[in-house]
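The same chain A turns up in both complexes below, where it pairs with chain B and then with chain C.
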Partner chain A sequence: MTNRTNPGRIAAHGVMVALSFLAIFPVYWMIQTSFRSENEIFSGGLFPAAPTLKNYADVLAAMPMLRILANTALMAGATTLAQVATGLLAAWALVRWRFPGGALARSLIALSWLVPFQVVMIPNYVLASRLGLLDTVAGLVIPNAAAAFSVLVLYNAMRGFPREVVEAARMDGAGSLRILAEVVLPNLRAPLASVSILCFISAWNEYFWPLLLIRRMENSVVQIGLQFFMTQEGNDWGPLMAAATLASLPILALYLVLQRQVVDSFMKSGIR
Partner chain B sequence: MTDATITGAHVAPRGLPRLRLSAAEPWLYLAPALVVVAVWTYVPLLQAFELSFYQWNMLPRSTPRFVGLDNYRNLLSLPDMRQAVVNTVIYTIGLLPLSVGVPLAVALLTGNLGGRLRNLYRALIFVPMIVAPIVAAILWRWLLNEDHGLVNAWLAGLGLGKVGFLSDPDVALWTLVWITGWKLIGFSTLLFAAADSAISPSYVEAARMDGASPWQIVRDIRLPLMSPTILLITMMTILFGAQWSFVYINALTGGGPLRSTTNVYHVMWEYGFKTMAAGWSTAAGMLVFAVFGLIAIGCLALMRRFAVYDE
Partner chain C sequence: MIRRHFLALALTTGLMAGGFAPAAQAQMAPSVDQPVTITFYNYNLASAGIGREATLDLIARFEAANPNIKVEPIAAPSNEVLSRVQADMVAGLDVDVAQLVFRDLIYAAEQLGAQPLEDLAGEELAAHAAGFVPNGLALGAVDGKTYGLAYVFSTPVMFINRDLFRAAGLDPDQPPRTWDEVKAAGMAIAQKTGKHGFFPGAYGPTDGTFVYQAIVISNGGKVREGNRLTFADKDQADAVAMLRDLMDSGAHARIDVGAHLDTFQSGNLGMFLYTSAILNRVETAAAGKFEVGLAPMPSFGDKPTAPTNSGSAIFMFSQDPVKQRAAWELMKFLTSDEAYSIITSKIGYLPLRLSTLDDPRYLKDWYAANPKYKANVEQLSRLTANVAFPGPNYRQVENMMKDAMTEAVFGSGDPRVVLKTAQDTAQPLMPQD
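Take a look at the complex of A and B:
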């Protein structure tokens, strides 16, 4: 392993540099375009010659971006909390007891992940509109309040928890909810963090259901707000790039802070 | 494990009410998740199945009209649908080099790349995965813009003509495949690299002692031991690739030009929410669900048969 020939190493680094460039350059290009003035937008230089914040001012004037970001944060936060809570409870039931119907319940939850959303979208839309959920943040959260993914990941994490510890707590007279909260939960920090990160990012990036549900710009989440803005502004590239940058900022900041955890949690759980 | 669980459910000999409660107890914990899944996935699935035999324009005041198998018959004879199916296959096959081929090659080539730079590469190539799909759509629309986009400027610099990445019917589908794949390359590369680095070095060392060439080591040791990951990513791409492309179709081309970029999911969306033909949309959904269900079963069987695990 150690005495690898140099050309091989150089080629390997070359490939990784090329791949990194491919990954990051489009994002860089978006951000730098957002700082260009109108008469500089079509010049191909790598940096804006006279950086300006005008595009950002234009976006904030043209659409309620801060409101939209707040909606999205609320939606993603609530979805994450709900998915983690329902996931924890369901996983605990499946790990703690063996009971008739348990295996069936687990399969039903797991298989729900195979049903493409487009197949159930019309009944879901009809139900949401009957419940008065159209154009609301609650309507975005409620159908996603449970996810096969979080149940399964937490189930696998809990299965490794030593049974003797649970038994000892039970002998001390603790109820099952208390055992979950006080004994099991504190030991699940790592999987909980990773499930939360994934739920949050995937809720933040959710596109299809908001596309059906949201009607007005001020009730929208970033995905749909950007879509509205894209159709309205057409080829006004500066403001469009500023809007896209603003929409990505929170998630890129999260990534910057939690980079290792984000990558690890995605890798441990496969594609979603 | 079984012992403890059984005692858990049956201890509490303090009278009947408590015993009953404990039989119901697991269901109380399961209820929130089960209710959500039932109300928003399984009941709608049955409703969609029922709806696929009706004609309905989704207006609250109109009543659905039973048409039997007409929706299915019409769909199967529509040129629209045929085009969408062909495109769905192209999306899926076109994505495989980007989600499996290139990442696998990169992971094999860079398998023992150590050092500080590795973490930097890892951080950078992962960025597309967390960028929101609509942001990816917008930034590629700008890069690939026909008149002012950077890519066309580069092509002009090379003395090549302009390419209408999103407006030329022969190119648009591949543009969308590329954008969908761009988000996946880095992620798959990391998964393959992780699978590769999990291979015990002693195998490779032993093979080298026996005089195996680097290519033989790849073919006989590294690839087989990476096969669970390879099969998993291939399966995910086949099952979900066409769904991942939806946002780009909808945001960038609307299925055009000349229906060249539409796929089955986009057709379902158009029937449902553009032309308000709920029956057609749900019938298409049922067909798609059935076909992908069969593919999923087939993939799982293949996986069980061909994956090699290092026990």
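Take a look at the complex of A and C:
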């Protein structure tokens, strides 16, 4: 009996297929519901009887969805860049230099990861208000410009980098920033990619801070936009699913473009 | 939910720590002679569709009629609008007019500095309220003063799936009038069609407390007397025990409490007691699938029903005399005949001014074309104020009551014991006399 026809292996694959189906089915249901007409939303069946684009038209008519998506992309992109940049520099400092209190600083950064954002939300809101950042993308990005998560992941990735190579570069006369940019960074593509993707997804899904900070629909982000179809008097499932589908597309596109790198980087950096 | 409570607690602490306290009363300006901008916190604006469009229409009409007043609309979902108001007060921003749900009434009056309208606009308020439905002004009153002006609201009505009634051998033109008849009809639907009989929108994540209160008050009960909780007392507990009896008999659906509206819209529920504000949504979902009927809420035998109000009131928080005048003018406009013509016909809430239903300039034609609203309009003569809880823990107390009621109906324990245990646990969270 070959390994390929081993009953245990077949059973394992069966379980994986079933789990994959469970994972994909809600996404499929979201997409097919977005093509159902209003009086068909609660009908059973795997396919809409009379597929319609009305829900998408309704979403685009009810709110500036494209602008909201652009706001979200800008916010998530800027937040990711800021978190990766600050994480990179902080991790480099912690790895490159041994200084009194270094271990304590690292511990404090790790501990700060455990503090829920809700704790600092109101002081941040008051500060954002005083700085005139209400209702702006900058206000969404600045309080999230540094993240303990990216510092710690990049710190762990850099720690494994051979010190001899760094020392050799230093003896060749390279400064710290040049060593970071030209020697270390090219070898950190996998963890950088994984951190960037996770930061982007986390920022894309942010809800509470935009809910507090944003005051107008046109300045809103997509997670708040979805809420516009959910009220105490019931949910508009058709437009809600259409908006959710539109909101998922950029993340899906990002994944499709970077699919191989994402999987590789998650495996290599130990993020699963 | 935990996050939401945490946020509310943090904001309350922030208000206290910041030394926030209601300012002394100022004399409202007689008119607005210079351009002024006021903020309007509104949850209808935080929805996509007719609620938002109608509200923006109202604001545009108001600004056109009051060229010196500009309204800055600020949208927040109904569950979050209080947090937004609190956060902006902590941040030192001007909060002028806010639409808050009735559960926040006492908190807004006693902790947030909502203005008592009698003190600011006594005679004007009396003149403006003359056309309200009976008890209309009482909906937003605390200790005899009006802090919230009832704005968009509705009462519980019974939605009927007329097709399921026919399939169960019932006459949809003779919907149940009493709870005994609801039980019989619910059992018939469950047994003969295999679908669900009855469900009240009184439980779950959406705000169903007004439905629950409408049921217990219709049985002569009250959920509190002053600062003493009474939701486990006899009449109230009897009302909950009646729901439990419906459940045990099979007349009451045992479904996900968050999916009641979806279950009715899917055609799988015969009777659904909930706000009439969902009528447009229900009719759209039912089109081509089943026929929707409406009936008044059921009664306990011969006792008159006491429909309570869902929805919201508008509160004034302005401190500046000129802004107070601008805010008052906005509040008057939003509760005027013209505004209710839009609010009722476009969004589906009830008109606070019944004369609009007979006036061809306002809702007469619309009412004639939409006779289903009659069941709800008739209930307005018995409109009873939804009871808000006092003190800083009011939301926890209300949630404990709601959770206990849900457990009493859906669980297996003695419903009266479940309610009493919850009441004893919640009482220390109420203000001390």
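As a convention for this text, the second predicted complex is superposed on the first by the 225 of 272 C-alpha atoms of A that agree within 3 Å, B and C clash if a C-alpha of one lies under 4 Å from a C-alpha of the other, contacts with A are read in each partner's own complex, and residues count from 1 in each chain.
Throughout what follows, a contact is a pair of C-beta atoms (placed from the backbone, for glycine too) under 8 Å apart; a residue touches a chain by one contact, two chains touch by 3 or more.
In this text, all values refer to a predicted model and were calculated from it rather than measured experimentally.
Using the contact criterion defined above for the overlaid structures, shared-chain residue A:Pro143 touches chain B, although it does not reach chain C. Once the two complexes are laid over each other on the shared chain, residue contacts for A:Met63 go to chain C alone; chain B is not touched. Judged by the touch definition given at the top, the superposed model places A:Arg215 against chain C, while chain B stays out of reach. Contacts of A:Val126 after superposition: both chain B and chain C are touched. When the shared chain is aligned, chain C comes close enough to touch A:Gln232, but chain B does not. Measured by the number of chain A residues touched, the leading partner among chain B and chain C is B. Of the two partner chains, chain B and chain C are each touched by A:Gln118. Of the two partner chains placed by the overlay, chain B and chain C both lie in contact with A:Phe42. After overlaying the two complexes on the shared chain, residue contacts for A:Met171 are found with neither chain B nor chain C. In the superposed model, A:Leu104 lies in contact with neither chain B nor chain C.
Chain A uses residues 41-42, 116, 118-119, 121-122, 125-126, 129, 208, 211-212, 227, 230, 235, 237 to touch chain B in one structure and chain C in the other.
Listed in rising order, the residues of chain A touching chain B in the complex are 1, 4, 9, 11-13, 15-17, 19-20, 22-24, 26-27, 29-30, 33, 41-42, 44, 85-87, 89-90, 92-94, 96-99, 101-102, 105, 108-109, 112, 114-127, 129, 142-143, 145-146, 148, 151, 163, 166-167, 170, 176, 201, 204-205, 207-208, 211-212, 222-223, 226-227, 230, 235, 237, 240-241, 244, 247-248, 251-252, 255, 259, 262-263, 266-267, 270-271.
In the complex of the two chains, the chain A residues touching chain C come out as 38-39, 41-43, 59, 62-63, 116, 118-119, 121-122, 125-126, 129-130, 208, 211-212, 215-217, 227-237, 239.
Chain B contributes residues 1-2, 4-6, 8-9, 23, 25-30, 32-45, 47-48, 51, 58, 60, 106, 109-110, 112-113, 117, 120-136, 138-143, 145, 148, 150, 153, 182, 184-187, 189-191, 194, 201, 204-205, 232-233, 236, 239-240, 243, 246-247, 250-251, 265, 268-269, 272-273, 278, 281-282, 285-286, 288-289, 292-293, 296 to its touches with chain A in the complex. The part of chain C that touches chain A in the complex is made up of residues 3, 6-7, 10-11, 14, 45-49, 51-52, 74-80, 83-84, 87-88, 90-93, 206-207, 261-262, 265-267, 275, 277-278, 281, 284-289.
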